[in-house]
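Next come two complexes built around subunit A: one with subunit B, the other with subunit C.
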Partner chain A sequence: MTTSAIHDIGYRHYDGRRLGRAYVLRSLFVHNLRAAFGLGRPARAKVMPFLLAAIMMLPAVGSIAAVALTKQPEALIRYSSYAPLLQIVIAIFLATQSPVLASRELRFHVVPMYFSRPVGHLDFVLAKLAALATALLALMAVPVTLLYVGGLVTRVPGPRDQLLHYLGGLVGCVLFALVLASIGLVIAAFTPRRGFGVAAVIAVYMLSSAVVVIIQELAEAQTNFALAGWVGLATPFNLVDIVQVRLLGTEAASRAQPPGVTGGVVALAVCAALVAGATAVLYARFRKAGLS
Partner chain B sequence: MPIIAAQGLTMRFPRVTALDDLTVAVEPGVVGLVGANGAGKSTLIKILLGLLPPTSGQAQVLGLDIAREGARIRERVGFMPEYEALPPDVSATEFVVHMARMSGLPPTAARERAADTLRHVGLYEERYRPIGGYSTGMRQRVKLAQALVHDPELVFLDEPTNGLDPAGRDEMLGLIRRIGAEFGISVLVTSHLLGELERICDHVVIIDGGRLLRSQEVAAYTAASGALTVEVEEGRDLLGQHLHDQGVAVRPEGRFLVIEIAGEQTYDLVRDGVADLGLRLIRLEQRRHHIEEVFAAGPAPQGVTR
Partner chain C sequence: MNPTIAMITFRAMLGRRRALLLLGLPLLLLALAAGLRMTGTNDLEISTVVLQRFGIATLLPLLALIAGTGVLAPEIDDGQIMYVLTKPIPRQVIVLTKLAVAIVLVTLFAVLPAFLAGLVLTGMTAQVTPAFTVGMLVGGIAYSALFVALAVISRNAVTIGLLYALVWETLLGNFAPGAKSASVQQWALSVADALTDASTVRSTVDLPVALVLLALVTAIGTALAVVRLRSLSVASAE
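What follows is the complex of A and B.
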């Protein structure tokens, strides 16, 4: 009935080690991180993430070159402003790569394959969130680190201040990464088709920034600067910048921020709520998908 | 110890009752779960995997309770779903290795087991190509490979012959038989076709509308009341006459002889007859669709028949 070639080999049982939850979680994280950059998939899946990563490097390289040529340290882009400055590139990365992590396995019904194994629902979601956040962090932190190194090489004055600003910038990058990953994954998890997912993430980014800017303009025209600041909570890049400005003491890279430490604490609370809320929503979404 | 045992298992959804007071126990081996579409087969598998809590009743898989020890069950079983469940843009190797790691196999072991398992299910060079370009038969094999890669003690195969052509169907059934017989892995295989499961199963469970119709060893009645189909290259009538002379109930049917099995000695008589007459034996097998005839004959008893 079956071919002889199959018969000849003979089945061997596996009696080696079976590793536990930590290993599965780590494997899942690495798998998703690779997926975020198109690794392990055909070449065309790698084009977009690596192209965007390359674009992210250009302003840093240019900035260092400018400092080296003009000997003017002000030409070095502020670390905390790098992500807001290149937010459109980051938003495109988020839009194109969120569906890869969130909706690809939903669309092809791969999710039940995980949950019929010793993979926990929460672990599954946390691995995806952490992987996309790590990918975004790499996207932002690598050029920021290049800026810092470039600053050292070109002897930008105040090495101690530079180090502090750089570390503060990295904290900001982590926060940007977590907030953006949460938003991107949730939106993409509810749009099974990849194209819609990309469009939906971009739409949410564009609309939220546009609406916020319009309200801020109106509020500022009426000299209601507090309102202009608080509205900033409603769009991701402004939201994280509020934390940077009010709690890390950086210079503003967004249009307006709510006043004082209170503003910063509220913004940080909103960030935390976004991450926690996204985890809960994704948990419910994938749990349901695991049963269909 | 039964590999699967259920007591009063009931699953009600808002509109339908998928399982209705199902009580059944099956021993290790290849077990067929037969029922029409919507009879509750897939729901039963999800409950046995510990993913879907039943409305009432309880069940044990490999002696582990589904409500309390779901995670331990999922370490020791494999699952092949009936629907498409493969990402198109990765290779079979990549996918199966990943699934092996998800079951806790270390990286090297995961790669070795994936290569072995894919070979066992009959995927060779093509396993390095993206799954998107595979035929239905090849996809079914990949789905089967991911269910076996971590060397489970029991696999749930949900409609594995769905969408396959007759040749692919035969190959898949042969593969399932080998999983039970050679690999030593117990199998719960579902189908809406009783005839195909009869050929490969040790035990058949039939459910309808979530209720148990019948649970029985296949051998129990095919041996007692079965018939043999015998095909020889030439000399069909010669063999028929020879067997008839020895008191065997035999009748021709097309190119075959259909022989009533009176007991073990019937097989010996056929063998000796073929040898004595110097005929070439092409086929000697249990007649198919026999279970269906048995079930059509009388009202099925309720409850466990083991």
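What follows is the complex of A and C.
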């Protein structure tokens, strides 16, 4: 008969202050935000995000220069049209950086190490989503802010209207960032192999916009403008532009929008469903990956 | 050509769920073609627009990018390429095999579906379908060579390829006609233009120029990939 006993060999317990959930969230958020721009990693990882951010600034600088030289205030790009105008660059940023956030930990099977600490599954996912959305927001809002400041400096008429349009444009940017981050992270989380995540995200963007534009052209040729508008819900940039046009009252930057406030509300509901759905899917994905 | 390398590459590209991703893209084109056929909006103009926008301008560069970089870049990244490079196989055989696999994949997942979509849309009217098939095939070969070379040269091959295919060919092509003419897409379109009577297919490049440039890009891409693979330094993966 064996007798066993647990001996107290004198390890000290930690009695200090626990930093808590908010601290965990903030740490994960900062870590992921830095990763989105390649900060804290070799120069090779920084080249692309900063190159794309620089490309995003170019049209804003050019537009301000055009206003300053020609004194034509119409040469200033509309704040709400800036993201749709440069959607290809934003899509490439999303495609290259969302696998950095969502695929690497899955590829190297290190997700369980996060969850062996007091990190909640939901916190982990929300931090990733918020970090990518913030990175995208910075990508879009910085040139838009530059445009606004440039407009002030070159004395574009109607400062009150400009401020309102600028604030409306920022709201649009937040919505763009949230919707795009949700789509990008979900796709990247299911294609952990290197290179495939990038291709998959860009494929969804390119194919959805190609199909939507073709259907919209055909529908307009048959003067079926309602169909052309509703089809716009199926591609991210047109989707958010519908909200901008119908609910924020901006000029259209996409081909067609469904009619009236109803169209805007439906588009906003689709955006909300995308973000909520993405959170749920990512939660399930990382929860499963955290078990192995 | 080395059958073992070809087999390994095919398995890496098509294994598990990856084939589904590759299959999903052309299925969308076929679904679009079938939808247009069923609603009776498949006249010649619309058919050429669909084949041009969706086939040559979207599906072809996308598939070539996935296949061209996918056959080499992951192996270089995780260092597995060393197991191939340390065997007594000439580097040009490795590059040519990888390139052949990429071309086969592009043909299977982009050119063949475009041919089927063309058949569904127009049948054989005005030789549109065979013209686009040939155009996409030569374009696919040039794109594959370009992207295989990129995969050997840079770790950011996919992003650089995207910047070329999207920003250069599409975004700048809309504003600057010069950038449009200097793109694989227009050269492939030029080949299709020469083979069909349909006046809706228009390219900004003449056929002889396009053919020479396509051959040149393919040859230079392949040669560059061979040269760079000879002196490949395998740093630790990030």
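Keep this in mind: the second predicted complex is superposed on the first by the 274 of 292 C-alpha atoms of A that agree within 3 Å, B and C clash if a C-alpha of one lies under 4 Å from a C-alpha of the other, contacts with A are read in each partner's own complex, and residues count from 1 in each chain.
Everything below uses one rule, namely that a contact is a pair of C-beta atoms (placed from the backbone, for glycine too) under 8 Å apart; a residue touches a chain by one contact, two chains touch by 3 or more.
Note that the structure is predicted; figures quoted are calculated from it, not measured.
Undergrad: In the superposed arrangement, does A:R193 touch subunit B (first), subunit C (second), both or neither?
TA: second
Undergrad: Have a look at where A:F225 lands relative to subunit B and subunit C in the superposition and call it first, second, both or neither.
TA: In the superposed model, A:F225 contacts neither subunit B nor subunit C.
Undergrad: Applying the touch criterion given at the start, work out whether A:P42 contacts subunit B, subunit C, both or neither, answering first, second, both or neither.
TA: Touch status of A:P42: both partners.
Undergrad: Report for A:F115: first if it touches subunit B alone, second if subunit C alone, otherwise both or neither.
TA: first
Undergrad: Please indicate which partner A:Y23 is in contact with in the superposed arrangement: first for subunit B, second for subunit C, both, or neither.
TA: A:Y23: touches subunit B, not subunit C.
Undergrad: By the touch definition at the top of the document, which applies to A:I92: first (subunit B), second (subunit C), both, or neither?
TA: In the superposition, A:I92 touches subunit C alone.
Undergrad: Across the two complexes, what residues of subunit A are contacted by subunit B and by subunit C?
TA: 41-42, 45
Undergrad: Please give the residue numbers of subunit A that touch subunit C in the complex, ascending.
TA: Result: residues 41-42, 44-45, 47-48, 55, 88-89, 91-92, 95-96, 191, 193-196, 198-200, 202-203, 206-207, 210-211, 213-214, 217-218, 222 of subunit A touch subunit C.
Undergrad: Considering the complex alone, what residue numbers of subunit C touch subunit A?
TA: Per the touch definition, subunit C meets subunit A at residues 18, 21, 25, 28, 32, 36, 41, 46, 49-50, 53-54, 57-58, 62, 65-66, 69-70, 73-74, 77-78, 155-159, 162-163, 166-167, 170-171, 238.
Undergrad: Please name which positions on subunit A make contact with subunit B in the complex.
TA: Its residues touching subunit B are 1-3, 6, 9-14, 16-20, 23-24, 27-28, 31, 40-42, 45, 104-105, 108-110, 112-120, 290-291.
Undergrad: Using the touch rule from the top, collect the residues of subunit B that touch subunit A in their complex.
TA: Result: residues 46, 49, 51-52, 71, 74-75, 77-79, 81, 83-90, 94, 98-99, 101-106, 109, 113, 116, 119-120, 122, 130, 146, 150-151, 170-171, 174-175, 177-178, 182-184 of subunit B touch subunit A.
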